[in-house]
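Taking it in order: structure first as structure tokens, then the write-up.
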Amino acid sequence: MAKLTEYKDMNPRARAVVEGIAKARGSDPANINNVWKALARHPDTMERFAAEMKAVMAPGALDGLTKELIYLAVSVANQCDYCINSHGYMARQKGMTEEMFGEFMAVVLAAQKGNKIATAYRVPVDAAFEEK
Amino acid sequence: MAKLTEYKDMNPRARAVVEGIAKARGSDPANINNVWKALARHPDTMERFAAEMKAVMAPGALDGLTKELIYLAVSVANQCDYCINSHGYMARQKGMTEEMFGEFMAVVLAAQKGNKIATAYRVPVDAAFEEK
Amino acid sequence: MAKLTEYKDMNPRARAVVEGIAKARGSDPANINNVWKALARHPDTMERFAAEMKAVMAPGALDGLTKELIYLAVSVANQCDYCINSHGYMARQKGMTEEMFGEFMAVVLAAQKGNKIATAYRVPVDAAFEEK
Amino acid sequence: MAKLTEYKDMNPRARAVVEGIAKARGSDPANINNVWKALARHPDTMERFAAEMKAVMAPGALDGLTKELIYLAVSVANQCDYCINSHGYMARQKGMTEEMFGEFMAVVLAAQKGNKIATAYRVPVDAAFEEK
Amino acid sequence: MAKLTEYKDMNPRARAVVEGIAKARGSDPANINNVWKALARHPDTMERFAAEMKAVMAPGALDGLTKELIYLAVSVANQCDYCINSHGYMARQKGMTEEMFGEFMAVVLAAQKGNKIATAYRVPVDAAFEEK
Amino acid sequence: MAKLTEYKDMNPRARAVVEGIAKARGSDPANINNVWKALARHPDTMERFAAEMKAVMAPGALDGLTKELIYLAVSVANQCDYCINSHGYMARQKGMTEEMFGEFMAVVLAAQKGNKIATAYRVPVDAAFEEK
């Protein structure tokens, strides 16, 4: 089992990170999710990851749901069970319907297949598709 | 180098697949991209993958660009150079701007990091996030 | 580019490994393939890997071609281009026909898909399938 | 935990898939394994995967056990626990003895090592092994 | 669950391996860790892996802790939960402090990111960095 | 090929990042390595990655060479050719001898094997090794 630190037992730097996240979500810091309880032992990494997630997941040229689907696709490819569960939840919070999830999965599976076809048949990159 | 079969040299089943793709794209079958030239030696797999891609990548509950971004995210996670190049091209064709690509990459990188944090710290799944 | 050492320039331990492999294959040590030219700089690892390959790839309860197909399947899953090429060659040498290669690829692609389905849908292991 | 749908609660399309699998195996649809209970929520993907597995895993130029070993090799490389368990069971059902399993594992481990040797030493592909 | 064989029930070859490990660690063979209980069914692989680990993990040009950190880094990248837990323990036994673990993780996360940047942006290798 | 931007053509934010790196290395910004030429198109990600690398790779509780070896181990596990080449160079710059590289590789290969043994035999985590 991971070594989890509850909010009330965290050092000041970790508490500040958790308070920032809880405030943005309108939730109770005591109910922070486990990834932050695990990171609390390493405040440098915790602060850096929290700042990166905040900057990166906010809606911009891509909307929030699309960003969650990209995050989720990477997590499935990397076999990260925790991330599939937590970002699956986030995606549903941001509007992913059951039908969207079905289509998401179908694309992920086709991509897995396409990736291995390209690799196993040793397909050379098409000149026409190269970025200029 | 892959063993590539040009359109004019393909067997009838492979030609039919290529013609279907070229027609849908409004392009010349002779200019089909390399993945199909590589698959031409195995018509069963070629027909199955072409049918799957057609069914799966068409706009539905998710639009075409979002689907390309999901495909691209899997391809980056799986280190598939051919797929990154070809689906990067497809994504730009379907409207991915440079700004969107920048945000896409930023999410992919954050996800890579989040995946490894969850794994290395052995973070247990949050009960609150479990799908009911 | 890898730092390759030609047979004539190898240290005695590396030469001995190459001679053992060439003798078993009935080939010229000067024509040894690149993986051994790369390993020549680290004789401990070279000797250990050569001994392991010799013990493991010889026909036993599984025949030589089946072993090559298992090796090749791992190499495709791990995206190892060198290994796909060299063990694809070995498999053809040991009797893999084009039809067999087609079926091999079809199974690999189905497995890729099955692996991601199990992961993404978080499928619990069936009690009935557990090894007793 | 995955969201599993029991056979009796499935929609008609999912039931039909399960009935087809159970019939081919001579088993009770109510005892279908978990991967199909998980896929029941997405009938498109379920039908596609069932059709692909049926076409691909049947004996052909490669026998049924060899196909299971290829599937299992991919699953080990991809770290898919569910697949290792279920296809390990299938392989034993199709005749994999303990001795065969031992040899299978030995080849998988050698391949893992060979894959990383080729990658880390950046070994260039041998011209002699290229497919013509 | 894995099929584990307790020390008292092992065949003579497996017992010998366990006794060698226990003696080197100054521990009781009955308390051997699970990986060896799992490998006991395949003595060839067990003997080979035990010999390799003994040769490879001993202090040499690199000290014992550095070797554990390298082993741990590979295990995190490969998402091996058992290995993260057991080699995390070994690293702490060999002197890894909490501060070192924090820095270790920070480097692993930066590497994950750097790996995907190089892949996704398709960065060509710098001539200046090539090994001569 | 990646879309590389030379230093003289970079936007001000990218130039500032390159100048910071070149200054720390005592080198010419025009000779910056390719990863930074590739990242120049996305200044947000570039600044974030440069700041992270600077904070993380500096000597601390772990020395600079150990950090490079950890980075390199992750890159080999992830099959990142660019990273293997560039961080292999960095490691040699920071004192990695040929003998150290040989031992590094031997540990990486043993870890790959240990990872797959644990996964394939489905080895349960030892209670004695759990972090308290």
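A, B, C, D, E and F label the chains in the order they appear, each numbered from 1.
Please note the rule applied: contacts are C-beta pairs under 8 Å (C-beta built on N, C-alpha and C of every residue); 3 or more make two chains touch, one makes a residue touch a chain.
By chain, UniProt protein names: A, B, C, D, E, F = Carboxymuconolactone decarboxylase family protein.
Keep in mind that this is a model prediction, so the values were computed, not measured.
Q: Compare the contact pairs of B-C with those of each option in C-D, D-F or A-D, and report the one where over half match by residue number.
A: A-D
Q: Over half of interface residue numbers shared between chain C and chain E means same, under half means different, so which is it?
A: Same; most numbers are used by both chain C and chain E.
Q: Return the distance between the CA-based centres of chain A and chain C, expressed in whole Å.
A: Averaging C-alpha atoms per chain gives centres 35 Å apart.
Q: Using mean CA coordinates as chain centres, what's the chain C-chain F distance in Å?
A: 28
Q: What whole-Å value do you get for the distance between chain B and chain D if each is reduced to the mean of its CA atoms?
A: Spacing between the chain centres: roughly 22 Å.
Q: Give the residues of chain C that touch two or more other chains, as numbers and ranges in rising order.
A: Touching at least two other chains: 1-3, 44-45, 48-49, 52, 55, 76-81, 85, 102, 105-106, 108-109, 112-113, 115, 117, 119, 121-122, 130-131.
Q: In graph terms, nodes being chains and edges touches, is this line, ring, star, complete or other?
A: It is complete, because no pair of chains fails to touch.
Q: If you look only at chain C, which of its residues touch chain A in the complex?
A: Interface residues on the chain C side: 76-77, 79, 81, 84-85, 105, 108-109, 112-113, 115-117, 119-122.
Q: If you look only at chain C, which of its residues touch chain E in the complex?
A: My answer: residues 1-3, 44, 48, 52, 55, 130-132.
Q: Could you please specify the touching residues of chain E with respect to chain D in the complex?
A: 41-42, 44-45, 48-49, 78-80
Q: Using the touch rule from the top, collect the residues of chain B that touch chain F in their complex.
A: On the chain B side, the touching residues are 79, 98, 101-102, 105-106, 109.
Q: List the residues on chain D that touch chain C in their complex, please.
A: Per the touch definition, chain D meets chain C at residues 1-4, 31, 33-35, 38-39, 45, 49, 52-53, 55-57, 60-62, 66-67, 69-71, 73-78, 80-83, 85-89, 92, 97, 99-100, 102-104, 106-115, 117-119, 121-126, 128-131.
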